[in-house]
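There are two complexes below, and they share chain A, which is joined by chain B in the first and by chain C in the second.
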Partner chain A sequence: MAVTKPAAGPSRRQHHRVLQQGRGQRRSRGQRRYRVQRPGYAWVAPAVVISIGLLYFCLGDTAYTSTLQWDGVSPNPEHVGLRNYSELLHDPIFWRALRHCAVFLVITFTIQTSLGIAFAALLHSRIRLASLYKVIIFIPVVLAPSIMAPVFRLIFAADGQFNWVLRHIGLGFLAHPWLGDERTSLYVIMFIQVWEFTGLTFILYYGAMSQVDHSIIEAARLDGAGNFRTLVSIVLPIVKGTTVALLMLSVIGALKIFDIPQLVTLGGPNYSSEFLSTYIYRHSIPLARVGFGAAASMVLLVLAVGFSMIFARLGRRGGDR
Partner chain B sequence: MLEARSRSARLVFQVLISLMVIPYAFPLFVMVQGSFSGQGWGNYKAVLSRPELPNFFRNSIIIAAATVAIVYLCTMCAAYAFAKLHIVGKEVIFWMLLACLTLPGAILLPSLFTTTIEVGIYNTYWAVILPLAALQIPFTVLFARTFVEGIPDDLIDAARIDGLNTLQIFRHVIVPLSLPMAATIIVLTFVQAWNEYLFPLVLLQDPSTQTITQLPQFFIGQFGQDQTKVLAAAVITAIPEVAVYLSLQRLFERGLAAGALK
Partner chain C sequence: MSIKMTRRSRRLLGGVAVLACTLAGGLTACGGGDETVEDSATAGEVTWWGWTPAEEVIANTYIETFNKEYPDIKVTFKQVGLADYDSVMRPALASDQGPDLYGIAPGVTFGQFAQFGIDLMPAMVELLGEDWKSKLLLTAADPLIDEAGALKAAPVGINFAGPVWINQDLFDQYGLEPPTNFDEWVEVCAAFKAQGQGCYVHGAQDAAFNRDVIQSISDTINPGLMAKALAGEEPWNQPDLVATFEAWKRMFDEGIMEEGALGVTHYPDAHNKFLAQDYAMIAMGQWYGQYAVESILIPAIEGAGVSNPEPFTVVPILFPAANDQATPGAMFGAADYGLAVNAKSKHQKAATTFALWLATSPNAQQVVANALNNVPALASIQIDWEAAGLVNLAVQQGPIEQMIETCKTTTEGRGMEHDPAVIDSLGQAASNVAAGNQTPEEALEWLQATLQG
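Now for the complex of A and B:
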């Protein structure tokens, strides 16, 4: 397709600029040799001390702690080498937590993206009350998940409103305690995540779509493309940058998610909605096994950094084209 | 984007989007309706009469405001330096920051827990403010640096010729010109600090220092199975957020969208 040029969403453009900075700097310094730049060490110091200082200290400390058997307060922790790691790798619940993150990522990303695109496309199509719909979809983004948790626990309880709705639309046979059932608790967490997050995907796609050139769409229509065809073949390729950014965000979101499973299901029942963050929390704080929790943190660190490097590379390749 | 030529097609779109919006409004509706069942306004009275309630709000305001202040100051200074001043190893420092861009907070948990106890700031605001700011700064610096780089060098050179020093240029050129970008950073940081649950949960133990995200759990402890009061508490905590969002709608949408792109 000839119209991929404006495709670079804000993310890719931003990323591209960052990646290009090294090169750009050198070039501009050549052009303006006369200019003496003032030293700026004092200016970066606060950010460097707070951010790099604290975060790298914590990471180093976590790496060290992961070789200890320690409850976090006792004065003489026991050095156990890599035993925490081998125990971690032999813990079936750890692998379940990882699998939950992966399943969660695939399903929530697919649904959020489709819904975000659908909402954005519909609200770009001369709908009445559009601003009201927009506000309703976006309010969940603003509200803290921890505040909504009791509401969702109520809705998905055995005598909750969700089952009530099912009974009233003739799907009463599906009604059961959604949170108390191992087979459905994970899906409830996904539902809540989609509820919290669609507003953001919608806003991003809405912004990206408002930059689509209308003449392209009209041309497609003249060629006989229907609504669905236009959306899939014209609009989606143009907003691809947004989709890639959202994929990255969903990966990090799946690794990060804590509030919802912790407050709605406590990772249960029987670890059926355990995620990496709740796993780390459970071992570090309630079970007071800080060393073991630190080992799990290191695994999470490797995953998070690994994925960001993959995406940074994808972004660079996209930018150079 | 989509095209509806006939009136019936337009109606189909309208019905379709209304149906799609229902699941988003439903939990909000349940929350408000549930908070009025049983004793009606009595639920709200019971919640509002708890002496702890103002504490939670005060703590959240202090933590969010301090986080915003630290993040804003650090970000503007660093962005100015990265974009316009001379630093040896600039890109190395910058990449060290960027590497922390996607760090999930849980990674820091074991270390934060033990270190804050050791340093003696456990159960104080600082235990939450510092890690929140540290995790936010990499993104805001990236965002702000790109913006400040867009401020023309000629403008800065002209200011320098007029006799302004580096600090005055920051104060009178960079800061005023960056205000729209700064608003985005402030809103984003504020929302994230306000909604943070993990760090206050682990690092603040005492109800007198806890934040509003702990409020539902606190009331579940207080009122037990009386869900209506817990829901009233949820509504009371949600109202300020919704009100601020509605009054600063564009800013919120822009800010959170920018944050999402990290």
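Now for the complex of A and C:
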């Protein structure tokens, strides 16, 4: 390859002038960006009203409510300052619920990601009835938890179908009241979550893997890489963005999960499957402690936003590399 | 960024604005339509929300009877599940879109929702006279009167917990006698299980129903003790309550409770299993008498998922004695519910007519009595057993009648008036003992420190 001499560039002074001009242009563009002509306000008003009205007003109102001792209807709520927060941080059930969120995140994310990658990789190879498998894997994602919860309550009841199957395949010694035992109720919730959302993980990885340049895969093959090595060393680093996005969604999901534990175990027995959201609900609605529930909601918000920022930064850092 | 408005854009924006105004105007007109309706005591449309009657067929019977006297008042009942009642009613009553009539229970529900109701005292005095309370059962009215002396809900009936209900047909089929103490109960359950038949079903996931069973156990050992402990008048960490929790634990350890009871809700899980005849016994209050009525039992069995439902004989028995020193039987309760008239209702007069008719009319209270869902508030009313339509009159009438007579003279409360956190803590202690996480002594020490410390 011939090396050519670079053309003579602009002098330092010229370069500085160009930079100044560019900054000036940027400034003037920036100034214009904020100058919305009067008729434009009508167009942006709905979005402003909705975002401020629905989101920030509610946030402010929840923050204010968190300083009250209030049952949700009384006309005379009592101002208690930060007492709800103090009580929250001293409640062992709150910390237990947070632990459950963390365990839930680690286990469900690991299993869902592994299964999602495995299914996506398998269905990218030429197998028969691939379309059918895709549908089967994805169907649980579109089924509402409220529909599936009673089904799982029946399946995992002491006299349910899961125990029936165990007894009929010679594993009767494992038969167990899965929902009625605090050692197993949390794992049933995790199982349902994995069953329900592995399809989503799969579809995201499947889409991401479709974007991988085949020439890279072929180059790896030429270098002697097998299927597993190609997946681990070539494909997974390329789809890392999907993994980070799923991790962020999983963190927020673990903090917010409500429907499955509430409908299947009510957070029990004895708070063994209590999560932050079921904890908030229990205090806000059945126990009529709306102020305390609002304080827990604010903690949930701070955690969700904090983790999102951390993972967004991690994702950007990974992308920069 | 600048937004340039062309003539076309301005026209479009103008069109959208006109459409929005038209829609808003239309909606306002729709919403405000009721304001022109005249409120009448004998005509109008009234909505009634309540967790009880749990079976809509009972509410519809009330309404049909009412319409024979007031044909121009249309009442629509909406059943709201007990578990969701507070969460549904709070925003509904706080808004202008709530029901005209709503059910209200003594205690916490009353504390929260009484403020939204009008004072029914003047109307009640006008109907029954100054001595109106003397015409009602002992516990019917007082829990529905607020601190200012206003009657915030018309008492429809009273309700008691304490008995155990059995499927007499299953007991007869297997040649078993209902248990009178825990030793017999263990034997009966073993006998049922040996035949592949479920014995006693309980939803131990529900703290409120655990409270009922534990209070029943306690009452067989020391009547009234637990009600006093709930009220803070007796300490929790005392021998008779330790014995109570030991008996509770025994129910789990010796096969009285069904396997996995801690993961089962009382409503609907345990209730449905009893109605499906998967189990022969369940602890429910006197309100379960409604399932002795064939016309109520059949749709309830269908609702429990049984096709071709066949009626069976439901009978109450005394709660078995928890130990050698105990005496069988427990009964505790108060006003079950009253009907409150929403102060924001545009049909207050019509709603008041229905509420007071159901609470005070002999015709209405007779229907209430015959449905066996409540003991009617009006003391003079007796059940018309022939009209009630029991599945097996000869077998059921005696025990149910005896139970209802006991209810009428009972003054021990069910603890509904206490902070829900008290019941939550009791539920936590009960679960911990049942799961073996705490001994009865440890759980009661914890309760003592938490609730009275």
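The rule is short, and it goes like this: the second predicted complex is superposed on the first by the 272 of 321 C-alpha atoms of A that agree within 3 Å, B and C clash if a C-alpha of one lies under 4 Å from a C-alpha of the other, contacts with A are read in each partner's own complex, and residues count from 1 in each chain.
Keep in mind that, in the parts below, a contact is a pair of C-beta atoms (placed from the backbone, for glycine too) under 8 Å apart; a residue touches a chain by one contact, two chains touch by 3 or more.
All figures in this text were calculated on a predicted structure; none of them were measured in a lab.
Of the two partner chains placed by the overlay, only chain C lies in contact with A:P75; chain B stays clear of it. Once the two complexes are laid over each other on the shared chain, residue contacts for A:I285 go to chain B and to chain C alike. When the shared chain is aligned, chain C comes close enough to touch A:A158, but chain B does not.
Once the two complexes are laid over each other on the shared chain, residue contacts for A:L166 go to neither chain B nor chain C.
When the shared chain is aligned, no partner comes close enough to touch A:A220: not chain B, not chain C. Partner contacting the larger number of chain A residues, of chain B and chain C: B. By the document's definition of touching, of the two partners only chain B reaches A:L231; chain C does not. Using the contact criterion defined above for the overlaid structures, shared-chain residue A:L314 touches neither chain B nor chain C, since it reaches no partner.
When both complexes are overlaid on chain A, the residue A:I107 reaches neither chain B nor chain C.
Contact with both chain B and chain C is seen for A:G40 once the two complexes are overlaid on the shared chain.
In the superposition on chain A, the residues of chain A contacting both chain B and chain C are 32, 35-37, 39-40, 43, 72-73, 285.
Within the complex formed with chain A, the chain C residues making contact are 1-5, 9-10, 13, 83, 86-87, 90, 93-94, 108, 111-113, 115-116, 204-205, 258-265, 269, 278, 420-421, 424, 428, 431-432, 435, 437. Remark: chain B residues 1-4, 10, 13-14, 16-18, 20-21, 23-28, 30-31, 34, 70, 73-75, 77-78, 80-82, 84-87, 90-91, 93-94, 96-115, 117, 130-131, 133-135, 137-138, 141-143, 145-146, 149, 153, 157, 166, 170, 191, 194-195, 197-198, 201-202, 212-217, 220, 227, 230-231, 234, 237-238, 241-242, 245-246, 249, 252-253, 256-257, 260-262 touch chain A in the complex. Here chain A touches chain C in the complex through residues 32-33, 35-37, 39-40, 42-43, 71-75, 153, 157-159, 177-182, 185, 265-266, 268-271, 285-289, going by the rule given at the top. Chain A contributes residues 10-11, 14, 17-18, 21-22, 25, 32, 35-41, 43-44, 46-48, 50-52, 54-59, 61-62, 65, 70, 72-73, 115, 118-128, 133, 135-152, 154-155, 161, 195, 198-200, 203-204, 207, 209, 212, 217, 221, 227, 230-231, 235, 245-246, 248-249, 252, 255-256, 258-259, 262-263, 276-277, 280-281, 284-285, 290-291, 293-294, 297, 300-301, 304-305, 307-308 to its touches with chain B in the complex.
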